[in-house]
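The structure that follows is given in the form of structure tokens.
As written, the chain order gives the labels A, B, C and D, with residue 1 at the start of each chain.
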Amino acid sequence: MIDQDRTPHGRLSDFQSVRALSEQICEPLAVEDYGLQARVETSPLKWHLAHTTWFFETFVLKPFMPGYTPFHPGYEQLFNSYYNSLGNPYPRGQRHLLSRPTVAEVYDYRHTIDRQVLDLLDSSHCPPEALARIELGLHHEQQHQELMLTDLKYNLAQNPLWPCYREARHTPSETSGLRFLSQPGGVLWIGHDPAQGFAFDNEGPRHQVLVQPFALASRLITNGEYLEFIQDGGYSRPELWLADGWNQSLSQNWQHPLYWQRQGAQWLEFTLHGLQPLSPELPVTHISYYEADAFARWCGARLCTEFEWESVASQTAISRQGLDFAWLHPTAATAPATLHPLQLFGTTWQWTQSAYLPYPGYRATSGALGEYNGKFMCNQQVLRGSSCATPPGHSRASYRNFFYPHDRWQFTGIRLARDL
Amino acid sequence: MIDQDRTPHGRLSDFQSVRALSEQICEPLAVEDYGLQARVETSPLKWHLAHTTWFFETFVLKPFMPGYTPFHPGYEQLFNSYYNSLGNPYPRGQRHLLSRPTVAEVYDYRHTIDRQVLDLLDSSHCPPEALARIELGLHHEQQHQELMLTDLKYNLAQNPLWPCYREARHTPSETSGLRFLSQPGGVLWIGHDPAQGFAFDNEGPRHQVLVQPFALASRLITNGEYLEFIQDGGYSRPELWLADGWNQSLSQNWQHPLYWQRQGAQWLEFTLHGLQPLSPELPVTHISYYEADAFARWCGARLCTEFEWESVASQTAISRQGLDFAWLHPTAATAPATLHPLQLFGTTWQWTQSAYLPYPGYRATSGALGEYNGKFMCNQQVLRGSSCATPPGHSRASYRNFFYPHDRWQFTGIRLARDL
Amino acid sequence: MIDQDRTPHGRLSDFQSVRALSEQICEPLAVEDYGLQARVETSPLKWHLAHTTWFFETFVLKPFMPGYTPFHPGYEQLFNSYYNSLGNPYPRGQRHLLSRPTVAEVYDYRHTIDRQVLDLLDSSHCPPEALARIELGLHHEQQHQELMLTDLKYNLAQNPLWPCYREARHTPSETSGLRFLSQPGGVLWIGHDPAQGFAFDNEGPRHQVLVQPFALASRLITNGEYLEFIQDGGYSRPELWLADGWNQSLSQNWQHPLYWQRQGAQWLEFTLHGLQPLSPELPVTHISYYEADAFARWCGARLCTEFEWESVASQTAISRQGLDFAWLHPTAATAPATLHPLQLFGTTWQWTQSAYLPYPGYRATSGALGEYNGKFMCNQQVLRGSSCATPPGHSRASYRNFFYPHDRWQFTGIRLARDL
Amino acid sequence: MIDQDRTPHGRLSDFQSVRALSEQICEPLAVEDYGLQARVETSPLKWHLAHTTWFFETFVLKPFMPGYTPFHPGYEQLFNSYYNSLGNPYPRGQRHLLSRPTVAEVYDYRHTIDRQVLDLLDSSHCPPEALARIELGLHHEQQHQELMLTDLKYNLAQNPLWPCYREARHTPSETSGLRFLSQPGGVLWIGHDPAQGFAFDNEGPRHQVLVQPFALASRLITNGEYLEFIQDGGYSRPELWLADGWNQSLSQNWQHPLYWQRQGAQWLEFTLHGLQPLSPELPVTHISYYEADAFARWCGARLCTEFEWESVASQTAISRQGLDFAWLHPTAATAPATLHPLQLFGTTWQWTQSAYLPYPGYRATSGALGEYNGKFMCNQQVLRGSSCATPPGHSRASYRNFFYPHDRWQFTGIRLARDL
């Protein structure tokens, strides 16, 4: 977990723990697993390991380490994700074609960069801008840690042998009932308060928003509830769907969430723990915005907005951290319903009906780091909360995740809302 | 212009004038021109003529005309645009393959339906719901009238003979200077007031929005100003672009607005009046949201939000109606700058940085007509105002037009804004 | 029919009759029908009318008519089909976008060129090379006449109103039995004998080929016989298919010949005379090479080679001319079987298992006319004979037609053969 | 090299050496290299190792080993290449997604199957059909050995680090002059003589073909000669190209052979020994049929037919075996010209102008093994000879290799011919 101790010393300890977690994620992998890329979006884990290292090399060591010599002249291009101002990145969809550098060479790259960043942190003259970029680099790596798990899951799922990432067992408890919790709305402060530690630039500027009274669901939608939607013909009734969603669903022949499959009368779900019987108590996950929206319409509700969500979450403690190797999958909301909604964090990301747009007054920073967030503010939907694959310490009420409405490979779920 | 006289008698006169305008638009056409469809989005004019007629047949005559016999059993499918609840529409991209019914048969269809709608309006027992649907049908037809002109323009532009839709000449006057007009913002009412006549359902419910202080450009951006962006390398500097826009621009090899072309040292622009020299005084048009956004970033401004725009427009008289056969192209803003922005209406649609989303409390109506607007509320951007191709009477401050950010074939333009 | 009288006078009469037939083909069309193009291969009939005229203008009038002024400066590009040495042809798949020139303007183009070609023919100084090119132009136009009918058929078939090109009725007689006629083979002369009148360059040089003894089917395969193949699972048994054919069949979901459709228990076939009940007595047509080959394998036979076919056809009179407006569809082989196979000409083209390759010693002529045939000698299969849409006088034993193995929109059929 | 000793004992020794060579090919690989697949055609080497094993398991052990238990129930599908009669093969283009089984598990699979095949061979009761299938399986594996090298080359070439498969140096000697050697033609025997040992079914039946007199080039075309074609505008002159080739060349922006690249004024060539300066003395390779054909037309010659080639090769000793780890690239023809052409074998495959079609009387065997060759006899061109990547003992005069005319990733080259 990233500490709020923003001294070089605090950074040093954060750096070590965050960097270590990326390697822990890879522990169960065979060398062969590191290279998989089934779609343009699901990068090889080897590439993630290298790219997060490249980030520190490019944005910290090159500008701030006196006399720094690049580790390898080819890596600048190979492990650049999308920073056009740094040159032409290697084509995203072909990352699986890079058998070299090997896994061992990438670990060597990591460890070499690590040592130098630690040297810089340990020195008496680490400039504040370098410290700030190291902090950004750690949050950046945490984002990639979640992608490592979701990309790996997608890539393994193409193999009919159904490889199991880690063995695990989980007995879901019974889910608590679904209630709608009334909220007064009003003119509310939204966005990150800079006094409260790190946030990405897209979480600000903090500003006021007028929110109508509304009610928010006390928990996420379960597999069992989603099955009712399917059994009621949800995937064959265009009147429930957004037009783009309906076309997408037809063209991809969607009939159920991404990792579900039917074997005779039984539903199974592919997980990071292999094929598992589908539990009706667990939250539904790996659905697109289109499916979430159609489900909401089917049951006479709607998805919440990101402002509604944040206004509630900012008053709720983060009771559940995400990533736990013992069970890399959402768990049931078992607590009795209270005034506070459950599963805001650490379970599944929650599609909102808010498009991903800049907040009033938002400006991207100049230079290559200005490409981090701002240039994606079009065509995507905001997701709020965090998931069972989000690293500890990476959840906060103002966090704005974003994906295309057709994306399904993240741990996404459904949080309903209603007008009052 | 559609009257505000909402009696059967007022409707009768509106019906005649709106239906007549569609045919006036087609007057200069050769029979061969009616069938063109160069892209899935740019339907043949014959299809528009039939589909707007189908709308009255399907939603007025079939339910409200006792003993009504359909004009032709095949037309229900052929001329259904996207109403899935009415059956499987004929594939949108193949409308150009329908040489039958012929143009003459489609006019016969129009006139036959016209007579029966007029009979219904003229009768003493036209039910209020039928009246409401006729009103909707007329506004629907006005939307198609604008599409007829923009689709035709796109389709003719594929022909290297550069066919001229109507002969015209226009001498642009000098454009007034660009200023930014400060606005106080605050908690403002947004959306259509039902007491104020017809509006589409997506313009409501009327509700309050908190808007920060801002400044709005006094007029639209001109070709001359856009040329400076081009000459400054605007199309080759990824840092100015949204990521999706940059990819789109590369894949389509965009180098200038849709209808511009270069002949030696001279820029020309294809218009409904044939190829014309590009005038630097006229508003730039036929640009995507991506281009508008990149231009704004290039000059240190931003696009306005739909709420900012409406808050200003609702206090400004609609001084300029759109569609005028004498010059089917934007004209310059020649008036001296005042407190009120120029060119809000009747010139080009204005991309806003607002995604097309439902207003709080919005619900689509039930039945097929519920597919009119709501199902498109994803992936598109709101455009405000109206254009030189918008029929008279079809402009209003609450109007929400919407297109995909890559769309360029509408008369779209750039209205800048700034934070204060 | 093109006369063998190769004097200017004979050419004059040929020219008039061939040019007239193209217009007779268009007589039943509405103006709207002239512009249809459902696939890149199926050009608008207006384009055919103009291109065949362009051929005479480009290859006869421009080089041989002193002081000739082109009819229109834009037509050189618009109506060039594929002659790269004459400049960049207008994109083939976009011919349907050329509403201008109009149908009337294209007829004017035709008649203006006609008058000048006739003047040239009538003059005392028409050079022999001009005469030869006029002869080529007439055979070229005959090829397009067949394409006009097959393209039109394909394009009309996209319309669910099933437009009827010409009204007609036909009562098929009973088909004679299928026999295999033994042939001795040997070293045989193949290819056109230049002393025997006109032929395309790809029919020569005449040369010897060694052919093994074989047996040739006495007639074409019927719809009834093809139905047995379907009912025996022919479209779902990969072992019957070439690998490329099987993939094509899966990707296009082929279940029957191109224009067949099922209505309840009944099979119908779309024809140039509208939808007709499928007659089991008529030859099967509109099948790909893949389907023909799979059918042959299914019944333990094979398709013939082009040399086998020609060796038999060159000894058989052409008893049946093709194109007859009264019935633009194959007819049954009703004659009792004799020593000579039936339906070699005027019924359907017959896929051979010969790839379209140059004969030994073949060289394309230099200049643009060298692009006529030679550059297509790859990836295509030879078809022999002629069809019900082939103009009178255009059939001969040495004729080599060629299409891609997946093409189905020509009048193609199945002639079986067997090894002895 | 596969022995002609067709006893079980001879087979046993062949089996061991052929199986060993596949593993020797993989010796220099990192585990990561085994999984690459840059195009649907270029399978991962791990897959080749498993598929060639699957062949013995499926066609030898399952039918002929009493009480045989499959190694793994999932492998039947995973490692089936294209045998539809054995069930649905795993999608060809997704083989790179199979990180499991791992490389070690695949070697385990190989060795387990090897032991059992050796047991069968060693036993006193190995049936003749099993022996014949083992022989087929060995020739099958040899074909895959060549593919392993060409697939690997293609896959490594996607990496801008230009990985070197094996270090090597080679100093090309000067090439001998190009001459055309006259051949009398006549009625010649073509195809494999069954008395002469193993051949694939597509090399027979042996039959007579009439061949016109011709002249065959004394050696292959060199890089230097091909450079002249490039410098003479060969890639921008459509009159030199087949129509399909020209379109392919434009759409892929071909400007030179597959692995050539330009660095400033210097040409380089990617090889299995890394990037090398392009030597003008070496044979040009990795060109499509379209390029070979255009080159031939450019220099006033043509490609040979497969019958011309075989008639000469059947009278020429195979002086050069292929695959040699010391230099996995074509070498120059240095010998002085004689009556016999050089480089018929072991250098590059030679595109012929013959389409890949069945010989007269050819019938595929029944059952799954009937899918081995026959179903590919469409759309491909025959290549003759063998290449620098062909395993020793796999070359013969009757061998018919076949690829699509656009394929470039094999070691393909140009053998010219001329009419006499």
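As a working rule, a residue touches a chain if its C-beta (ideal position, glycine included) is under 8 Å from a C-beta of that chain, and two chains touch if they have at least 3 such contacts.
All values reported here derive from a predicted model rather than from experimental measurement.
Each chain gets a centre from the mean of its Cα atoms; the one farthest from the centre of chain D is B. Computed centre separation for the pair chain C/chain D is 38 angstrom, with centres defined by C-alpha atoms. Centre-to-centre spacing of chain B and chain D amounts to 59 Å, using the average Cα coordinate of each chain. Chain geometry summary: the mean Cα position of chain A and that of chain D are 47 Å apart. Looking at chain D, no residue sits in touch with two or more other chains. Every pair of chains meeting the touch criterion is listed here: A-B, A-D, B-C, C-D. Within the complex formed with chain C, the residues of chain D that make contact are 82, 84-85, 187, 207-210, 212, 238-239, 241-246, 289-290, 293, 353-355, 357-358, 360-361, 370-371, 375-379, 405, 419. Chain A meets chain D in the complex at residues 30-36, 38, 46, 74, 77-78, 90, 94, 96-103, 155-156, 158-161, 163.
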